[in-house]
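In order of appearance the chains are A, B, C and D, and numbering begins at 1 in each one.
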Amino acid sequence: MRSLGIGLIGTGYMGKCHALAWNAVQTVFGDVARPRLVHLAEANADLAQARAAEFGFEKATANWRDLLADPDVDVISVTTPNQFHAEMAISALEAGKHVWCEKPMATAYADAERMLAAAKASGKVALMGYNYIQNPVIRHIKSLIEDGRIGTVNHVRVEMDEDYMADPEAPFYWKSEATSGYGALDDFAVHPLSLLFVLFGHVETVIADLIKPYPDRPAKDGGRRAVENHDGASILMRLEGNISAVLMANRAAWGRKGRIALQIFGSKGSILFDQERMNEFQLYDLDGRPEEHGFRTVLTAPHHKPYDRFIPAAGHGLGFNDLKIIECREFIAATEGKPFHAVTFADGLRLEAAVHAMAQSFQERKWVQIAP
Amino acid sequence: MRSLGIGLIGTGYMGKCHALAWNAVQTVFGDVARPRLVHLAEANADLAQARAAEFGFEKATANWRDLLADPDVDVISVTTPNQFHAEMAISALEAGKHVWCEKPMATAYADAERMLAAAKASGKVALMGYNYIQNPVIRHIKSLIEDGRIGTVNHVRVEMDEDYMADPEAPFYWKSEATSGYGALDDFAVHPLSLLFVLFGHVETVIADLIKPYPDRPAKDGGRRAVENHDGASILMRLEGNISAVLMANRAAWGRKGRIALQIFGSKGSILFDQERMNEFQLYDLDGRPEEHGFRTVLTAPHHKPYDRFIPAAGHGLGFNDLKIIECREFIAATEGKPFHAVTFADGLRLEAAVHAMAQSFQERKWVQIAP
Amino acid sequence: MRSLGIGLIGTGYMGKCHALAWNAVQTVFGDVARPRLVHLAEANADLAQARAAEFGFEKATANWRDLLADPDVDVISVTTPNQFHAEMAISALEAGKHVWCEKPMATAYADAERMLAAAKASGKVALMGYNYIQNPVIRHIKSLIEDGRIGTVNHVRVEMDEDYMADPEAPFYWKSEATSGYGALDDFAVHPLSLLFVLFGHVETVIADLIKPYPDRPAKDGGRRAVENHDGASILMRLEGNISAVLMANRAAWGRKGRIALQIFGSKGSILFDQERMNEFQLYDLDGRPEEHGFRTVLTAPHHKPYDRFIPAAGHGLGFNDLKIIECREFIAATEGKPFHAVTFADGLRLEAAVHAMAQSFQERKWVQIAP
Amino acid sequence: MRSLGIGLIGTGYMGKCHALAWNAVQTVFGDVARPRLVHLAEANADLAQARAAEFGFEKATANWRDLLADPDVDVISVTTPNQFHAEMAISALEAGKHVWCEKPMATAYADAERMLAAAKASGKVALMGYNYIQNPVIRHIKSLIEDGRIGTVNHVRVEMDEDYMADPEAPFYWKSEATSGYGALDDFAVHPLSLLFVLFGHVETVIADLIKPYPDRPAKDGGRRAVENHDGASILMRLEGNISAVLMANRAAWGRKGRIALQIFGSKGSILFDQERMNEFQLYDLDGRPEEHGFRTVLTAPHHKPYDRFIPAAGHGLGFNDLKIIECREFIAATEGKPFHAVTFADGLRLEAAVHAMAQSFQERKWVQIAP
């Protein structure tokens, strides 16, 4: 086991999450070398210096390209705003670094394609940060499906709802600009898409309805400014194997905070999950007498791997940040040439193709097929 | 208050439910005359006689037309299989009887139109049995929406799921025949549609995806027989006022028994409801400090009218059959020329128009507008 | 099957509930003769007349003793305030009537003993109204325990909480007077005791702690009046078979409306139930793989008898009033000399002995044994 | 901010948890110096070496006393089995180290007293590991109570249940030996006691009932061995301010995995919490119209401090291990002479006095008062 040298670009929400993961991964898993926190980049030198001290990085810089040139850096975590992902990831790959890039790949599909090309050309590890798929519950659901525990899956519903855009009087900001993307679709519909991908495979056909609950919002300089994208999306889909699916995403859903609710229906049973209660899932199967059939609420426990690496007792619960530690372990496995469970740039591009097809289906008011 | 003479055709699931309602309505509500249970019709004389004794009816017959000729009968409850509704309802109206007909109106749209025409021509009360809208919870949700408690509603989701068609090895029976209708769509999607209608108004445009989870089922005489309609339906819709809605119905959803789950999102809050827990709803609003915002689970209580007519204490719970007693009270109000809360034949026709539009949208793979 | 003639004393909460049950029992169950609603007594003639009309009784009186003399009356439902139960029940039994008396038996233990003596002397049916034990869920839990599905039960917890005494500024009324009883203990702790009795047998030893959350309340004529009994009770108990139990009752528990929550722990599993969600229970057993062990939420369905007599479809839900209809069916079975499931006067006396022992244990601050 | 040098004795469940906390505390909180992971002790040299590598400690030893002599060690985390706590903690304090000791203090009360004496004599920080009190939910509940949001608290119930001793055929092991303590009482009743202490203050009087569900278990060498302590405990209590409380603890409760359920009743509202869903709590208050009163489920969010130091978005969820990171931050605050929120050795001794009083009350079958 060789220790990886880590570079980190960005220290916001996801940047801190990556830092925590690199810090903890060896203590949690034991079977990897302790990463060396080498070089951290932020928008300005003072912030970079402060964050490097807080997060335990050796060096700090206001120029992210310094990380490309740093021979001690083996991996670069890209956690900056979406519009920077493409340039940074491509540059890092070209500089011979592994890249762990937060979702989504890029705001333009062509950029995402260039990222994949760079990844292929580099021969380096290039993975996307899609941490919800790392939940031991999701892994266990995947194994239940693969083992046929609910028979053949024929219908799936998934909802992702939060309420950070629910207040109609919240000031206009960049998330309502068209340049930031379609809105709910690429802001977070990609998360449930990542779950569907991991569990069932890719999306094949879609038709979407998008909503703009509030036509305008208070502008910073007085008056109101027209909202340019859509806060809600409802999509009918067919997945690989002709599974029928409905995806609903709404970032203006009052009361929902981190809901990602899955309902999976098969010929022998059903499975339910909601990320707001990320340490449990519900299984309905046909074992036993009909008189006692019901959805059983299963709490996470050491037999749901790799929960056991965090806590040896059942029912005590992982947190959101723990998912990133698991993803970090998968990333390291990938750098070691071992099997890993994560979203590659190739898969990430498929997720974004689905998003673009959804937007197209709404504009053209028709079913759209996604090229394989 | 004049006592109504009741005729009942059919004594199955809904027939018994009507009988219980006619029996109890005066005791529960106090302000109506006790209906006289006059004449009951069943398929054969013995069964009619037995049921009349059980349900407390004076007369029994194997010929439902006897009820039309009976001058003591003022109202006819039609609770027979769907294909008989049109003939019986129309005949009853033409005979000068009020009609309380179980949903849906008819298997053919033209028949439903004839029912409405007969109702108009008769001047009699003609109401559909859509009991879920009678739940005091639904009435209270309606008042909350009308009072603006969750602001302007912009998005709604409703799911209706049961599992009586979930077993792929259950024998083929009439519900899988094309002559019985589209399947999930008219078998029970009309129930959530009735809720949407009561709360928000009519459906304007739709696009549906239908699924047939099992292509064939065991035939009675050996071998397998092809399933002719669809057990699941997912529909994108726009309602009056351009509200975005998603309707999902699945009669092959293992574990769901009587789920009718509503999610209503507005500019100031959200409301949740599930018929499987019919004595509660959840409200998220913006009152108080954000630190304590959350969905509050409200249990039914005497202030949710007319719960008080059943039980003077909060949290004790109504049952499914109680909803029919409330509907019965509304029916009587209609016969007295008073305001009532129920689905008329005119409204019922609109619900069925929506169902036909959904089926069309699936066949033609395009959005369909419903004529007003 | 001979039709029973019914007399009803009292038309409040429970009186109406009895009337609804007598009205519906034949329609629901089919296998009993339709009771004749013969004679109704209320405090004054006008009220009696009005209620008789509403509830469908033939005769009305302001003198309850008229029912004793009425040869058409076979059964008397006693639903008056607690202090009248003893006199009315004893008189009715002495007059040769069957008696269906709402809980509790009497405010004084000696009166309850006299009631039992009268019942024995009469040879008539004398049952208490304890409707929660009639819930098909409770019956099913009983069968699960008897079948050993959760092994040997070793520990039970039961909570009964409502909030009708929770407001410290609610005016003083009779429920806070010592003459009304100990407070929470006999006001409603008898309900969970009836469940424990049905499921496990009688209480053997107890020690209680009682609380008086508010020492005084606003008096009707100004000023404040001291509260004379206790709104909350917590009791450690040992049941037959040395099962450890904890009973908690609180009528000042804000937010609780009709909670009667059972937790039953055995050597092979556990069962949970809460009357506020009276149409479901939760079972944890050891079937299947540990990876999927969890409490399964089972919804009531036709296989939980006699749910099927009300509704032929699963998951649609009974209501509180339906429990009284089931109890009514049991009462009729008793009058026919058939097996029945209900609380006799003999069992009712044991429940009240437990309550008195609890009060004694609090006053003397020691464990008290209940004479068998 | 001076960096603390850390010594760790023990690397099991809690040892790893401490290591993760020392590793992460600066990255999470930012405002403390990064602790130096200096010296780790385990039972043998190989294991010590392996764990030091995994957890990131510089030095390893099989002799825990080496940590006492190490001038680079400022703090010693004691996470060994209970019987070693006293000797290690006292020695560490005498050697001038701060001590962070996992609960409980000691198996013998006299030893716990000696620990407190040593802490006082040393002038060093001496805190117990009681991580459940660090949950932002618990902190928020504490602030709600202090702010009078639910009025005057008059009754509390707390349950702690797991099922690791629920299988009667699980082999006898040290947890069933009398030398390990009373069983459920000190094995984990101290956790809910720590919550009651933080929220309401100390326990004043108690009476307990203890249960031994299984008299014997399979012995390692064949045959069966008598169980020497009690797996379940039910306790009536009065807390400071005469609050009535019931504590129930059961380590043989099938289906419960990490349940610590609180019910808090006040004169203006109620609060509910369950550690199995550690990222939410329920509040019932009297704001708004009665028609919409209900328990609201509040999800943790950045305004529930210090959740914000982990995740900037609401509803994403902390995990069990995160609570130890918060506790670690409190420990560091204590070493800096700042206010802190944790259980001191003095408070820990009071918790253990309560446990001993409970055991005494069971043996003597009487209420026992705890000396202040």
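The definition used in the following text is that a residue touches a chain if its C-beta (ideal position, glycine included) is under 8 Å from a C-beta of that chain, and two chains touch if they have at least 3 such contacts.
Since the structure is predicted, the reported quantities are computational estimates derived from the model, not experimental observations.
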Most distant chain from chain A by Cα centroid: C
Pair sharing more residue contacts (C-beta pairs) when B-D is set against A-B: A-B
Distance between chain centroids, defined by C-alpha means - chain B, chain D (Å): 54
Length of the line joining the C-alpha centres of chain B and chain C, rounded to whole Å: 34
Centre-of-Cα separation between chain B and chain A, whole angstrom: 41
For chain C, residues that touch 2 or more chains besides their own: 256, 293-295, 299, 301
Touching residues on chain D, where the partner in the complex is chain C: 150-151, 154-155, 157, 159, 166, 168, 207, 209, 211, 213-214, 232, 234, 236, 238, 244, 246, 248, 250, 252-256, 265-270, 284-286, 293-295, 365-367
Complex contact set, residues of chain D against chain B: 140, 144, 149, 280, 282-283, 285, 287-288, 290-299, 301, 303-304
Touch list for chain D against partner chain A, complex: 12-13, 16-17, 19-20, 23-24, 26-28, 30, 34, 54-56, 162, 164, 256-259, 276-279, 299, 301, 310-322
